[in-house]
Each structure stands twice: as structure tokens, then as C-alpha cells.
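When the chains are written out, they are named A, B, C and D in that same order, and each has its own residue count from 1.
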Amino acid sequence: MSEDLFGPLFVPDGIREAVGGRAWLQAMLDAEAALAIAEARAGLIPAGDAEAIAECCDADRFDPEEIGHEGRAAGNPVPALVKALTEAVPGDAARHVHKGATSQDITDTAAMLVARRALDLILAEVDGVASACARLADAHRETIMAGRTLLQQALPTTFGLKAAGWLVAVLEARRRLLTVRESGLAAQLGGAAGTLASLGPPGIRVLQEFARELDLAEPVVPWHTARLRVAELGSVLALASGVTHKLALDVVLLAQTEVAEAAEPSEGGRGGSSTLPHKRNPVGSVLAAACAHRVPSLAETLQAAMAQEHERAAGAWHAEWETLSDALALTGGAAAAMREVMEGLEVRPDRMRENLDATGGLLLAENVTTIAAEKLGRLEAHELVEAASRRTFANESTLREELLAEPALREHLTPEEIDAALDPEHYLGSAGAFVDRALDLYGKEVPA
Amino acid sequence: MSEDLFGPLFVPDGIREAVGGRAWLQAMLDAEAALAIAEARAGLIPAGDAEAIAECCDADRFDPEEIGHEGRAAGNPVPALVKALTEAVPGDAARHVHKGATSQDITDTAAMLVARRALDLILAEVDGVASACARLADAHRETIMAGRTLLQQALPTTFGLKAAGWLVAVLEARRRLLTVRESGLAAQLGGAAGTLASLGPPGIRVLQEFARELDLAEPVVPWHTARLRVAELGSVLALASGVTHKLALDVVLLAQTEVAEAAEPSEGGRGGSSTLPHKRNPVGSVLAAACAHRVPSLAETLQAAMAQEHERAAGAWHAEWETLSDALALTGGAAAAMREVMEGLEVRPDRMRENLDATGGLLLAENVTTIAAEKLGRLEAHELVEAASRRTFANESTLREELLAEPALREHLTPEEIDAALDPEHYLGSAGAFVDRALDLYGKEVPA
Amino acid sequence: MSEDLFGPLFVPDGIREAVGGRAWLQAMLDAEAALAIAEARAGLIPAGDAEAIAECCDADRFDPEEIGHEGRAAGNPVPALVKALTEAVPGDAARHVHKGATSQDITDTAAMLVARRALDLILAEVDGVASACARLADAHRETIMAGRTLLQQALPTTFGLKAAGWLVAVLEARRRLLTVRESGLAAQLGGAAGTLASLGPPGIRVLQEFARELDLAEPVVPWHTARLRVAELGSVLALASGVTHKLALDVVLLAQTEVAEAAEPSEGGRGGSSTLPHKRNPVGSVLAAACAHRVPSLAETLQAAMAQEHERAAGAWHAEWETLSDALALTGGAAAAMREVMEGLEVRPDRMRENLDATGGLLLAENVTTIAAEKLGRLEAHELVEAASRRTFANESTLREELLAEPALREHLTPEEIDAALDPEHYLGSAGAFVDRALDLYGKEVPA
Amino acid sequence: MSEDLFGPLFVPDGIREAVGGRAWLQAMLDAEAALAIAEARAGLIPAGDAEAIAECCDADRFDPEEIGHEGRAAGNPVPALVKALTEAVPGDAARHVHKGATSQDITDTAAMLVARRALDLILAEVDGVASACARLADAHRETIMAGRTLLQQALPTTFGLKAAGWLVAVLEARRRLLTVRESGLAAQLGGAAGTLASLGPPGIRVLQEFARELDLAEPVVPWHTARLRVAELGSVLALASGVTHKLALDVVLLAQTEVAEAAEPSEGGRGGSSTLPHKRNPVGSVLAAACAHRVPSLAETLQAAMAQEHERAAGAWHAEWETLSDALALTGGAAAAMREVMEGLEVRPDRMRENLDATGGLLLAENVTTIAAEKLGRLEAHELVEAASRRTFANESTLREELLAEPALREHLTPEEIDAALDPEHYLGSAGAFVDRALDLYGKEVPA
């Protein structure tokens, strides 16, 4: 309710417009136009009247704020819009406006159209994130860094694999967004009680033409109080924003002053400070995280709102409209911010290596044990390396020094062999193969 | 994000404005003005400069949308606003704008001011609901109706007691709203890292004057990442909207065509239909329910956002602003709609009695058993009445007929005694006393 | 945390067991066994050792409560289980237990196995609900009742269409459950940092065999902190329980004393009361609603937990385990309760017709207008019928009486024509066709 | 539903027991006993019968699992428990069991008793957290470290102030827990429809004695469907767990390998690894975070469940029981884990200073500017220091070196003055004063 200030801060203008009051009005008018056209095709009203109605279905002729105010008496905006549209349509055609439809037919269909338009914009941002992640995965296939569990350094990994993990997660979200966009959006047309009674025998025909005209799925039965469609939209948006949240969190953590392995792009002074040049606030990730924080609760509202009474709900339906708009906008905001972040991400391989080396080779202890075990037996190898590890930590030395100073080990392993065992490049397992698998998936799922 | 259409449908204009972008800007400017004044009082800047700054702190001079757009680079609106304010302040005073403060000092303080202004409007609506419920409880102290458990008629009660239950619930919510308004809102001033470093020794003094100037509580320490205050606001709003939700649900259920014991006011054709004069859509309750549906999830977002990093959060803080605005607006919307509903509620005692009688006196069976037991013993009384009850249901007769036709009972009870036992007025227990207790509480808590 | 009392009240024993501690232990042991087998196939350990390990992977050998207590030191149950399993495995094979895996590999894989077993049970209940709804839709294709919007009678519809709406909603949920069961469940194997480092070159081979052995999807990369899979499970469960919630709500509303159009089955005294024979508490629907109330918030926890740090999360991952178990159990509980309700639902066509007639034919006013308009013109017809409707309501008469008493109408319409226009059977629009479409879908999607 | 495995991992046994099935049974039996005693005091039943009933009210005589199974028929456990209790009570006293009460009277009252017992245990843990934070704040009043905003080093602060911030947050949560424990818990007694009809005139007297006997607040009217009490409990638990979540997050971040300013206690090998001695997993904080992640959603379920129908809800009430139990248990789990963490927290002042110095003094640039401005004027000082800062970052030198190499500055400032300006101890503002204020509050609110 303070979107005139905070809206532009979090959400790109294009996405805001796609879910704004004007876009909703236009979508409702598109539904009214399609209804008239469908009824003309079914022989219920003259084709010329349908054309006359369709011509007036232009949101610029109506005022969202005014329609909203007037909508209060009916509990939804459609009666006020229908009244205004009827007044706008010339001649006899006016009496065919909204024929046979109920307010919810128009609002639900409009919600689907609004969702589709917003999903297209969201998908464009998500594609951008995927593309940037793919580029990072490819470019940093060999960039070694510390893998971190519970925020503790654990084993070496590559930044390529981290980016590949991001990429696959984004592709998974993308697939759900595409699926819901392609098959999850349906027209709504049932009339006052879901029977299409006032359309008479051609009712089903009108429904078919209505859905076809709008390129929406034709529902098997009216879904006025069967809200899986709307709740699923919310869920998929929560999944997509959840993925961007993970990416944002990783970037914020990598950008920490003490870690400094990555930094957000800083064009235009973004996130910067003239007095604190070391400080590069990860503003894009922060904005993405802020958006993503809010979406699961909105999805929850939509899921909880599935309990709707009989043929029209007394409140739960009405709770969907702004909730869905917000979920679409914020998912778009999160994706857009992360696209910018990933496209301009500054990666610092040197610092990654420094941080990895800062633990004195301890992350390789497991590998040294494995190699030493071939010569000394598992048990002795384990004990020797464990003791050396403890000394490394206690003496603030390196594992290499402690291993070289251990006679029992030196008997069986040359310094070269020890160096090889301590080389993180030799202990990356399937990291490279995983990167390849991710890029392969990307190539298959996202046409160049 | 579609509030230009749906905002006016759900939320009264006054409340929308109180949490809108302009109100937020004014609250931020109020914080900047108070900061300058506090610093002048602490001797840090000249009093004249403080006055010069304060004079420019007028939201009409700035554009929310523009500040929002520019705020994107910093991740919050304050730097853009400070820049614009600094440009607006004439002469040397300009360099004292925002002195020693961090963006979050201004935003958090503004959030408290916005909340206070909105809470005042919400409380006015809540008072209206309480007053209307008190009037209903008083007027219908003796109006008998069926009490319903799991939506099944169970025992007689009074509409007065139902309204008294609403009243007490509303008073409980009111008390929480008052408490959070009186003691839950605090000024925020800590500077970049919460130490007030750049203000030097007078730091605490400035904080004190700042809080005093704004009539906000003075926090013990800065609360940049200790967010109980904000989360608690959300919780209290969820509690208040939850209470209105219960009221709305009861009205919707009472207004059902088949129940018809109450109807919403219908001035101005609201909720009505010319072709279906029996149909009086409970539009106010529906709007209230729609608003109330959404608040718990918003409160949840604020609670989950309490996990904030170190001295300033990377996203969780930013997620609060619109969430809080929405929670305030929707609670206000719910309360306002229920105030209108309760003030104009049409109560139908005749229909209440009809519905109660429709079960043929079965709701009084328990009472008949108790009275008969005094003469026949508990066991026999129970068996006789149970059998009569079953016959009543099976024969679609009344319990009275079946009891009178039962010789074993007629031996001990006269028709007059049976009638007395079947009179719901004699089986209302402490309903009247409960109503009196509720009205008494109302009298104590809400000054006339 | 009080499931020893409330668990059996809400959730069938089979489903509780499928997500209980023992089932989790068995699933973790299944993962350990499959890991050993996969490593044997990849030539990393002797086949005999794998067999020896697999033989010990029996949950009955271990104590959930004890593993849980010991798991506290590591923050997850796997190290304690691996220790106990290693002690149980005889001879040299013991040192190959858990080789190359990290705790999360085992827990995540186990979560997928637990989910699969629970989904199978949930789907069986959902199939039962669908089958019962299909039967109701078919049997009541012609059973006329009032359609209700905002809980006000609006237009005639059929109980068949209502059941068809339930059926299609259930089928939609079923489809999501099937999809997530078939393709949403994947094995997890990445080792300490997701590189499979300690398995060396055969790492990917082991992953493939591991997934194959468990009949789980093979992930492109490890998904230790890419949690869409788990969150999606939660979302789909919320959608499924949301559908049961709608059904439960409708039954509760139909079962109201004043509506009485349906009643839950009452075998074994369920929901009944000997003294109040009219009272048939809709206990099954109440239990289903209670379960369904809780699932969206659990799904929300899983969605919000998608923000996981680097290669292993510090808390968000750990929040998933019980949340997922609860979401599975409660969805199962909701579906099981609604299956029982729908299988035994007592439908009362006579009462449906009575309730419809109680508004004196007003629900047909729209149809009379349409038919009269053919003779009198739209405007005059509208005015005449509207006036008659108002008189019907005011006089507590019937619309038929008022129409017959209207000379201007009688000029153009015979009593027979008026009766036909007032017959709800003639104003059901496409209700029958919609029922057929729903049953057709059911036939296609659910093999007999 | 998998608490036999995961329960002991997350929640101390004492707290688990306090909210377990047996504890619920005992609380329900306590309510039944208190009811009999109250009725005896009001003269409704013989004192001896009340004593006989009270003597049988021992949970060890009944089986939670069995009561749960039998409870399914009624939709709540009370009828089965009353049946078993009635069978257990000898002689005539048996017929006075549960006299005049409805199932919800017993369940709601029990919920309050369970909550009180759990709150006592939670408060003990919270007190422990507060005490540990107070000790840390006091001990580290002068321990300098980097303040971090958006996880970027910003300005110096003290670990004492960080701990003071934790302390005040914990005290705020403690106050809410105390308030709800002292005044938020009320007895429930209304009988079947909230009128206490079957108790006759002494109804209110029985209610008073019932509340007094249980030391619970006496409600003004029955609150069967006015659920603010229960929802508020959830809210307060969410606030308390939110505070622990913030503490846990800070510890996890401080414990990062690259930050290493604090470490969790590691007695008993907790969180440790023999091969990776640098690795000290912050297991306690991880467990706390895991618990805290889940509570807001549970609170949301309770808030959303406030919409309850008429005199008894059809599902929303039933959704409260386990949700409340879980919220209590998890808040207790979070608090207990953080108590252990804070009591044994290993703080590393040397590392804090190292990390602060790692940015070469840049965090003090603001202070240098302020001091230089007194001699050079604000503008020139700003430009000089900004340029030096940029060179520091670019050259990887220190700000001291760059400032000393700047002739224009050296003209006005001696090396000693520059050193003083760069000394973080001189730029801590009110940090110490804030610590004192926090400790002062602690002294006042928590009796030694």
C-alpha cells in the first residue's frame, strides 16, 4: 500500500505495469471483448455488436481508481467496469455487454491474462540469470575455491561447480514457470452459478470460443471455487523466487569483506561509498533477497485461500487479486535484480585461492590420508595425518610442513608425492563433469 | 502492486494515505527534522540551521516515485531523499542534514511514525466495532437463538451473548493495539554501526532529544537488527484482523439464505440485486474477510524477517517496509468494513426463533431430562427422553408432542411442567450474566 | 510434539508409520545399502562387502530415539546411525560403510524415499475421493439444488455439477501428486562438498548406480543447497490438501442444521448424539479441514527454507525434515478423512428441492425475464418481473402467484408458459454437459 | 510426525515431555478435577465425589495413543477420556464426571496448562541466554571489532555492544513471554453452547472457582471461538524464537572460517572433526536456527485459525492443538540451544582486531575527515581523505601510510594526531554507554 515509493525501488517498471491496475483493467476488458466475440461466433449476438464492444475495450478509457472505489459496493470491480463499458458502447450493442457472464468469470480470466503477461517478463529475467550462470560455470570450470558447509571451509571445489549448481536450480525454476505458463492458465466462464444457464444450449460452444480467442486452456468445468490454478501460480512463483534467494545469499556471503571472492557490479556508483572504497554493498542481491523473502508468505495466502464456499467464496477469492499481483511483481523483481548481479559479477580467483590456502592445506588432509593409506595401511595413515593436522592448526603452520616433518610418512612418500596429494586441483572429483552436465542441460533446455 | 485498482476497493482512503508513499516520505522527513532539532539542542549544530532544515521537511516538495527509483542504487530511499533535501535546504544549514545518522535510523523511525498514524485510524474503526457490538449485546440480551457447534444447532443461546462474545474479542484486540501504540514504538538512532560514533560524546543526548521530539520511546540500544518491535506490530495486527475475521464469518453464516437471521445494511444498493430481492450479499463481511485473510501471512513475513545479520541485514530489513504498510492497511480495511456492517446490522429475532423451533424442541431435550430426573430418577428419565427425541426426528413431529404422548412421563409431569422444561427462555444458563460482564468491561475500557 | 495423543486422531496409522522415525531410519539405511551396492558395481568395494552392509540395513536393529539423541552433537542423525551401522557390519566390510558420502546425501535421499512411500498412500486415498466424487456426480446428474454465491442462493444448479467440480479439482491435485512422485524425487550424492572427491573418477558412475538402485531420478548436479525439490513437494501437498479443504468446507456447509442437504456417514456412532438425534456432526470433514488448515504454513516453511548457504545450509536444511513429514502426514490425514466422508455421504435431494423452493421461485426470475422479453421487449419484461420479484419477497408469496396476478404479463404468457419458465429443470444450462466432461476426464485419467 | 527420531535432536527432553501426549492428558485431567472441585464448592455435587474424581485424574492410568484413536469418532480426545475416567471413578461419584462441561472446555483449559508448564521451561532457557549475553557484554565492553552492515565492514564497534544488543533483544522477548504467562492464560468453561445452561444459576460461581483452582485467569465470557489467546501465544513464541534466530545467525557468521571471531563450545566432540581441526561446526546455532525457522509459520497457522464459526469451529479449533505444542517445543529447543552456545561461546578478540585492521584503517576514514576538517575545512579534508582511501585500497597499503604521504595533510596534522584519529578505540562513540544501559536494564528486569 506504499508502492508509489517502494515499488520502483524493488521492481522494474515493466513488471510493475504488467500487474498494475491498468493492466488488470485491460485484461478484464480483453475478457469482455473475447466474450462478445465468442458469443457472436456461437450465434448469440450479432457479429457487428461484438465488434462494437471489442472496440471499446480499451483501458485508457477507464480510471482504475474510480472503478476500484465503485467496486466497493459489489465487492469486486466488474459491475462498475461493466456499467462504464456499457455506457461507452454505442447503440444496441451495449445490451450485449457481459452477456451471460458473472463478475468472477471476468476477474478470473483477467487474472490469468495478467499472470501470463507477467510470467513472460519474469521468464525473460530468469533466462538472463540462467545465461549468466552458464557463462560463469563455463569460464570458471577450473577456478578452485573452498567448498563451505555450515559456512565452514570443508573441501576444495570450483567456482564453476558453484555456478553450475546455480544454473541447474534456475533451469528447474524456469521449467516450472514455463509449464504453468503453457498449461496452467485457463479461461473462466460459468455464469452466475457455474451452469452457463443464461446462454442456453450454446453455452459450451461459447466457452470454447472464449478460451480459444484468449489462447487460454478450456477448463473441463468452471473453477470458480476450485482454486488450484491460482494457488499453483503462487507456489511456482515461490519456487522461482526461492531459487533467486539462494543465489542472492551466496553472492552476499562471497562478497563479505573477509571473504571478498566476488563483488557485485558497481556501475553508476551502485552500492559504493567514496569514503569506504573497500565497501561494495551487494545491493542487487539485497534487493533480490528482500523480494524473495516476501513471496512464500504470499503463496501461502493463495494456498490457504483454496477453501472456498460452494459456487462463490465469501472472501477467500477476493484475497487472491493483490496477493497474486504482488507475488508476480516480487518474483520479477528478484529475478531482475539477480540477472543484473550475475551478468556483472566480478569473480576473484586469486582471493578464492588465498582463502583456500589460509587453512594451510587442511582441506586436503582427507586426500593425503587416502594416498598414504596405500603405503602405510589405513589405520596408521589416518593417525599420522590426524596428528599432523592438529599440529598444523596449533602451530599455525601448514599441513605440508607438518607432513614433511613426520619421519614415518617421509619413509613412504616423497615431497613430490606429498605436494601432489596437497594439490587441490587433484582433489576435485567430479566437479568438472558436473559442470559439463549442467552446461549440457542448459544447451538442451534453452535455445541459443 | 495493483493497488491503484484494488486499494480503494478494500481500504478506506484515509488509511491508504496514512501508509502510502507520501506518508512514508513525510515520516522520513519528520525524522530528519527531529534529528536536526535534537542535534541543535545537544549543541552540535546551530539552532537556526535546525530550523532551516525542519522547514524544508515537507513531503510535498518531493516525489515518492522519483525517490523510489533513485533509491534502487542504494537499496533504500534515504540517500536519494537526503540528497534532495540537502539541495532544498538553503545555505550552510544544508551540510547538517542527516548528520550522524544512517539510512536505517530514518527508515525505522519513519516506520514507527507511519505505524502510529495508521494505528490511530485503525483504533477509531475498532472502537466503532466495539460500540456497535455493545449496542447489539445490550439490545438483544433476551433475543433467543440457536447456539451452533460445528455448524449444527446445539443448545439455545441469545444473540446478546453472541454479540457480547464479539465485543470482548474486539476489546482484547483493542487492548493489544493500544499497548503497541503506547509502548511498542521507539525511535531509532545509532549511526552507521550503532555506536553513534560521529556524534561524539553527546550521542546519547541526541538520541534522547530525538525520541522526545517525536514522542517515541527511547530505545536502550539501537535496534537495527533487533526487530521484535516490527514483528510485534505485525503480530498485533494479525490478532486484530483475526478478530474481525471471526465477526465477518459469523455474519456471513447468519446471512445465509437458509438461516437469514441477520443481514448487512444495504444502503445505496450495496450487496443487493434488483432481480433477486431475497439476495443481500454480505459484501462488507466479505471485504473484511478478504483483508483479514491476508494479514497473518504478512505478520509471518515480519516474524521470519527477525533473523537479521550483524549491524544491518542484507534483505530481511528491506522486506519489512511494504509488508508493514500492507498489514496496517488491510487491518484497517477489515476493521472499517466490519464497523459499517455492525453499525447497520439488521437482526431478525423472529427468524432466530423459527430456526430454533425448526428442530421441534430437540435442543431442550437435555433440560427435560434434568427436570424429569428429579421425579423418575436419572436413568429412566434419560431413556424416556432419548426415545422421545428419536421419535421426534423420525416422525418430523415436535418433542412436545412426543413427550405428552409418553404415559410414563405424564404420570410425573404436567403439560405445564413439560412446557416449562421446553421453553428455551428457561434454559439460557448464565447467558444474561455473561452479557452483563461484557458490557461492564466495555464500560470500563472504553470511555463514553 | 504431542503426536502420541493427536497423531492417531488426525492421521491413519499407515500414513503415520510411513513418515515416522522408524521409516526415516529405514530410508536412510536403504540409502546406505544402495550406496554400497553402487560402489560395488563401480568396482570401488568388493561385492561381498556391499552385500554384508546391505544385510545389516534393517531399521529394526536401531533405535530412533537413541539415534536422535546422539544426532544432537552433529546436528543430524546420520553420523550416529553410521557409527551404529558400522558396529553392526561384520569384518572388513564395516570400513566401507558410508564411503564417500556426506550426511546430507543420506538424509536427502531418505527424504525422497519417505516421500515416495507416503505419496503412494496419499494417492490411494485421493483415488478413493475421486472415485466417490465420480459416483456422486453420476448419480446426481439430475438432482436439482440451489447454487450459492457468497452463501446466498443465486441460481439453480445440480448436485451432480457440484460433485463434478469436486471431482475435477481432485483430479487436478492427483495429477500434481503423480508428477512429483514420478519425476520430482531424485537421489542425492555429492560427498562433503558436492564434488564426490573421495570417490575419484568413478564418482559419476556411483551416482548413476545409486539412483538406479533406488529407482530415483539421477540429478544433473548435487542439490545439497538447491532445494526446489523439497519445496515443490511441500507446494504440491498444500495444493492437494487445499482441494480436500474445499470439499470439507462444502460438506460442513451442506450439513448445517438449517440446510441439511447432506450428512456424513454415521456408522459406529460417529459424530452422533443420542439426545440430539438431529445433530450429525460432520466429524470427518472437520478432521480433514483441521489437517488441511496446517499444510500451507508447512509448505511455506519449506519454500522459505530454499535460501541455503553455499554447499550446506546452517539451519534451513535441518528445518525441512519434520516439516516435510508433517506435510505428508496431514495431507494424508485430510485425504483419508474426505475419502470416508465422500464414500458414505448421505445426499438428500428432497431437502435440496425444498431449500430451492423456499425462495418462492425467485431464483428463476432471470429466466422468466428472458422468456418474457421475447414477447414484451427486454425493457418491459425486466420491469414487470422485477416488480413481481419485489412483491414476492415482500408478501412472502411465490413468484408464480405474483406473475399470474400481473395482467400485462398474462396477455403474452399462458400459465403453462409461466410454469415452464419457473421450472428449474429448464434452467440448468450446461450443468449436465459439464458433468459429462468431468466424468469423461475421470475415465481417461483414472484407469478402472 | 517423525518426532521419535527428530524430536530428541532438536528439543530437550524436558520440554518435549511438557508438550507431549501424556502432558496433555494430565492437563485435561487437571481440568476435570478442578471442575469437580469447583462444582463441589458451588454446592452442585458432594465434596466427597469431587475428591473421588480428583483422585482418579492421573495420566498414568490412561493411554494417550488409545485415547487418540478413540477420539477420532468425536473429532477430539475428550469424550474418550471422559468415558475412561468415568469408568475409573468408583461409585456414585462417576456420574458427576465432566458435569456441565463441553469437550472444548477441557481441551482449551488443558492447552493453557500445557502452555504454562512449557513457558516456565522456555523462560528458564531464555534467562540462561540473557545471563550469558550479559556476561559477554560486560566482559567485552572494550573488545573492539568491525561493525558490519550488509555483511560489509563499516565502522568499528565492540563485541560488548553486539552482546548488549543481543541481551536487550532477549529481554524484550522475555518480557512478552512473562506477560503472556502471567495474564494471557485463561480458564475455559462455557458448556455446550457457552451459556453454562446445565449448571443453572451457580454457573458463574463454578467458573470462578474453576479458574481459581487452576490459577488461570477468569474470562469475562467463554472464548470457544474467540481465539486471540491462542494466537497470541503463537505470536509471542514466534517473537521469542525470532530473537534466538538473530543470535544464532550472528554466531554462525562470526564462526565462519574466514572470520573466526567466535566459536561454539566443543565439549564432547560436538561440531568437531578430527581431520579438519580448523572446522568447528556451529552446531548449536544451526539447531537453534532450524527450530526458529519453523515457528513463524506455526504462529501464522494459529493466527489464520482465528476465523472460527459461531459457538464451536469446524476444523480451525482442531488445527490448534499440535501447532501450539510444536511452537512451544521449538521455541524451547531454539532457546535451549542458544543458551548452551552463549554460555560456552569462545570469543577471539585478537582475531576481531586482525579483521578490523585488514582493511588498512579505512573504517576510520570518516573520523580522520572529521578531525582534519577542523584544520583544513570540511571540503578539503573530505577530498584529501577520500583520495587517500582510494589509494589505500588500490595499493593494498594502509590508510596511515597514505595519509602520512600526503603533504597537504601533514602540514596540519602530526603523525601522532593521525595515529589518534586512526585508533578505533577513539571512534566508538556511545558503544560503552549503550552497554551500560543494557546491563542496567538486565539488572532491573532479572533479579540476581
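Quick note on the criterion: a contact is a pair of C-beta atoms (placed from the backbone, for glycine too) under 8 Å apart; a residue touches a chain by one contact, two chains touch by 3 or more.
In this text, all values refer to a predicted model and were calculated from it rather than measured experimentally.
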{"item": "Number of hops, chain A to chain C, where each hop joins two touching chains", "value": "1"}
{"item": "Pair joined by the larger number of C-beta contacts - C-D, A-D", "value": "C-D"}
{"item": "Distance from chain D to chain B - Cα centre to Cα centre, in angstrom", "value": "25"}
{"item": "Length of the line joining the C-alpha centres of chain A and chain D, rounded to whole Å", "value": "32"}
{"item": "Chain D: positions in contact with at least two other chains", "value": "75, 148-151, 154, 248, 252-253, 281-283, 286, 289, 292-293, 297, 300, 304, 314, 366"}
{"item": "Footprint of chain A on chain B - complex, ascending", "value": "1-11, 16, 19-25, 64-65, 67-69, 71-77, 248, 252, 268-271, 281-283, 285-294, 297-298, 300-301, 304-305, 314-319, 321-323, 325-326, 328-330"}
{"item": "Of chain D, residues touching chain B in the complex", "value": "75, 95, 102, 147-151, 154-158, 161-162, 164-166, 168-169, 172-173, 176, 191-200, 203-204, 207, 219-223, 225-228, 231-232, 235-236, 238-239, 242-243, 245-246, 248-250, 253, 289, 292-293, 295-297, 299-300, 303-304, 306-314, 366-367, 370, 378, 427-431, 433-434, 437-438, 441"}
{"item": "Sites on chain A touched by chain D in the complex", "value": "146, 148-154, 252-253, 255-259, 274-283, 286, 297, 300, 304, 355, 358-359, 362-363, 365-366, 369, 385-386, 389-390, 392-394"}
